[in-house]
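Two complexes follow with subunit A in common, the first pairing it with subunit B and the second with subunit C.
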Partner chain A sequence: MMAVLRNSAWSTIGELGKTTMFGCEVVGNLLRYGTPFRGLLLQMYVVGVRSISTTVFTGFFVGAIMAIQIHLQLRDFGAQAFLGGLSASVTLRNVGPLLIAFILSGKVGAYTTAELGTMQVTDQISAIRCLGMDPIRYLVAPRFLAVVVSSFLLLVIGLMTAIGGGALIAALDLGVNTLNYVQNIPTIVTGWSILTGVAKSFVFGVIIAAVSCYRGYTTRNGASGVGENVKSASVQTLVTIIIADFALSNWIGGLMDFCTEVLGW
Partner chain B sequence: MVTAIGAHTLRILSHPVEIAYFFTQFLKLLARQLGTGRFRFRQTVDQLYSVGVESAGVIFFSIGVVSLILVLEFSFHMKLVLHQDSLVPAFSTVLLIRELGPVVTALLLVSRVGAGLAAEIATMKITDQIDALRLLSIEPFDYLVVPRWIAVWLAAVLLTILSIGVAILGGATIAAIKLGYGFGEYFNSMFTFSHFSDLIGCIIKASVFGNLLPLIACYHGFKAKPGSEGVGMAATSAVVEGSIVVILADFVVTYLFYTL
Partner chain C sequence: MIEFKKVSKRFGQKQVLNELSFHVQRGEILFLLGRSGVGKSVTLRHLVGLVRPDSGEIFVDGREITHLSESEFLEVRRKCGMVFQFPALLDSLNVYENVAFGVRALKIRPGNEERDWVLEKLRLVHLPPSVADLMPAQLSFGMQKKVSLARTLAIHPAYLLFDEPTTSLDPVATRVIHELIHSLSRQLHVTSLVISHDMDGALEYADRILVIDKGQIVAGGTPAQMRQEKHPLVRDFLGGSA
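Our next item is the complex of A and B:
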């Protein structure tokens, strides 16, 4: 039992390390050679623009769900005036980035893994190497950059939609009119909360890109290997996102305390 | 233009209809298995092991970390609004039972199990194993889908309840370390706002998710196109559609259960 646990813990940590090294290699490649702009735009269209409707849809419902839940808790105190601020803040800082990143890890991450994995098992990547080109530079680097940029932008779009979704369900069903809802938001949501949401979005974008490119690029064992790698890529993305979420919450909270208490901003 | 709109509409509409047909097939075969007393008990237990036991570690770890974030964030908000954080255990437990426990477990199951099921069945399909089953006059749907379905359903409900327990322990630990609560204090004030009906709501949510997830995963597995591209696409669309449906079903169940 303990041996199994220890082995699985070591292999998980090993996978994380390999993913990080692969990510560093791709970033180094990007810094050294850059990437063709047209290829980047094409990739951003494929992974980004096509996911907008999914993200907006998800963000809307995440905001609505959080508004209902916070409303249920505040109702017992008669403190519905705080609904706007609290649900926007919880959505922006914490639940929103987490749940929307979960969806994007499927929509953007699993798609990239499946695509690169199919190229790998059908020997297209070896073919590119035979032509004397570097597959990391021509295939992985533009995808990596495109996934980082578009996940970040999609998460920010999703968070904005979530606030809209919360306001709409509050006005339609919970009896808090939109003006009160929106006016209450700045009393609780500060610049630090927005910074937390945006920083989390960026880090989650990097995680999705690194894990999905690494998993796709190292696919083996034919068709069943592609399926297996899509599965493990999405699980690994989810777990890494959750850990990063905790770390970022902690660090940005600490930074905020430092700035307000020590520097007096 | 008109043709394009028509084709698009048909494609969008045919999807839920096919999934609904899939569901009726499942119910019919399950009724037949139970009615003739030939319930595939062994396969179900095997699947329950591979779905439930093997996903348990990942799910418990993740929900534990989520509960740490939740308690810290709640303490931040409580200090902002009420200028004290004595209600953190009660509020975070309520949100955990009603919302985050079932949803995070379901989303993790979607990627761990949904993608796995879709990839497994798609691989079987493109390597002609499903046709081989038909040749042996075993109904593939009966043999492959029904045991997995029951296993995922049971696993979703059980894992959700267990993961809420893990999350409460995690929350109590971080509250003891960071916020200066005693364990006894935390457990005492934990259930101030949660009722028994919240647990029922949580089980209803989990079993709705547990039914939708194998439905979508197996559907995409059976519809897979040939080649390794098809397997990748099947797994991808199982994850994407599964997670969207989980969020949507969460909204519907929350709305019906709590606001009506």
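Our next item is the complex of A and C:
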């Protein structure tokens, strides 16, 4: 049992290392050569614009669920006045980025892995190499950047929708005045809350891009290999996002304490 | 000239190439025949650096390419145009963009000459200009193969490497592709190395035929010589083509 766990841990660490190396290679390539703007826009349309409805839908319900759950807790203490600030803060800092990133990894990430994986097993990537070109530069880099930018923007859209969803459900179902709900938000949601949400959105976007591109690019063994790598990419993305969420929560919390207590900001 | 000298390659427990040695003369059409899984495609992939040998040496025009870096391989890949078993066209680009892809990236022709160059390559593979705006999914498999060939021709290679070019094609399309390989090789003065298991096509269109088994060349010669060959594997292939 221990041996299985140890092997699994080493395998996970190894894959994380390879994914990081691959991500660095793609970023290096982007910094050196850039990427064609037209290709980037096309990819952003494919992976980003087509995911807006899913993100808005998910974001709305994430916000609504948060409002309902927090309202249940606050009601016992008669503190419903804090509903707007608390639900927005929890949504912005953690639950929103995490849940929306999970949805995007299933949509944007799986699409990218499957597309690059199919290109790999049908020799499209080999054909690019045989035409004397670097497939990282021509195929992977535009997708990587498009996924990072799209995921980040979608997460921000999703978070804003989540706050809207919370306010709407509070007014329609929980009997909390919308104006009170919104006015309470700035009392609890600080610049740090927004920074945390934005930072997590960016990092989660990078993770979705790096894992999906790496898994797609390293696909082998035909159609079954594509299916296997899409599955592996989903699992790896979710695990990496949770680990990153833990690390970011700690780091940003520590940074916030340092800035407020030591620097007096 | 292309030359393999005692090239070996192993994937896991399987010895795919076992001190394989052969050469391809400038201007000739060489068919490399063998059963499935004996290392034919792996042999071809060594020439474009998609697979690296465990031991042995490979020469292209006298230059040893075995240990070239990825960037150093670019020049070899421009010289050795590969046509894959499956067309490997980029799904998101139309026929014109697919053929022009390498032309632009490698700056084969200035921008104002690009269209004529691309349409000329389509014409060479017997495709009308009207297909240029179509997407790969709108073409038959045989037409996709021709576009794939046009894309390779567009980078003006000295060597054409065909990986089972007639797989999944009906007899008529097979004949058309074989005739294309033959006519293009003669017309453009390129050297062609064709991986196949079609003895009929090899006997009709090859200058020379080699038969590979268990990672080694077991028989070889001109089509006339191969018809007299006594090796059991060659006899099996000839039996199939009788």
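In this text, the second predicted complex is superposed on the first by the 265 of 265 C-alpha atoms of A that agree within 3 Å, B and C clash if a C-alpha of one lies under 4 Å from a C-alpha of the other, contacts with A are read in each partner's own complex, and residues count from 1 in each chain.
What we mean here is this: a contact is a pair of C-beta atoms (placed from the backbone, for glycine too) under 8 Å apart; a residue touches a chain by one contact, two chains touch by 3 or more.
Predicted model only: the values in this text are computed from it and were never measured.
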item	value
Partner chain in contact with A:Ser249 - subunit B first, subunit C second, else both or neither	first
Touched subunit A residues, subunit B compared with subunit C	B
Touching partner for A:Tyr138 - first (subunit B), second (subunit C), both, neither	second
Subunit B versus subunit C as contact partner of A:Thr122, first or second or both or neither	both
First (subunit B), second (subunit C), both or neither touched by A:Gly264	neither
Subunit B versus subunit C as contact partner of A:Gly191, first or second or both or neither	neither
First, second, both or neither for A:Cys130, with subunit B first and subunit C second	second
Those residues of subunit A which subunit B touches in one complex and subunit C touches in the other	122
List of subunit C residues in touch with subunit A within their complex	45, 48-50, 74-75, 77-78, 80-82, 84-86, 88-92, 101-102, 105-106, 148, 151-152, 155
Contact footprint of subunit C on subunit A as seen in their complex	42, 119, 122-124, 126-133, 138
Interfacial residue positions of subunit A with respect to subunit B in the complex	5, 8, 54, 57-58, 61-62, 64-66, 68-69, 72-73, 76, 79, 82, 85-86, 89-90, 93-95, 98-99, 102-103, 105-107, 110-111, 113-115, 117-118, 121-122, 173-174, 188, 222-228, 230-231, 234-235, 237-239, 242-243, 245-246, 249-250, 253
In the complex, subunit B residues that touch subunit A	57-58, 61-62, 65-66, 68-70, 72-73, 76-77, 80-81, 91, 94-95, 98-100, 103, 107-108, 110-112, 115-116, 118-120, 122-123, 126-127, 193, 227-236, 239-240, 242-244, 247-248, 250-251, 254-255, 258-259
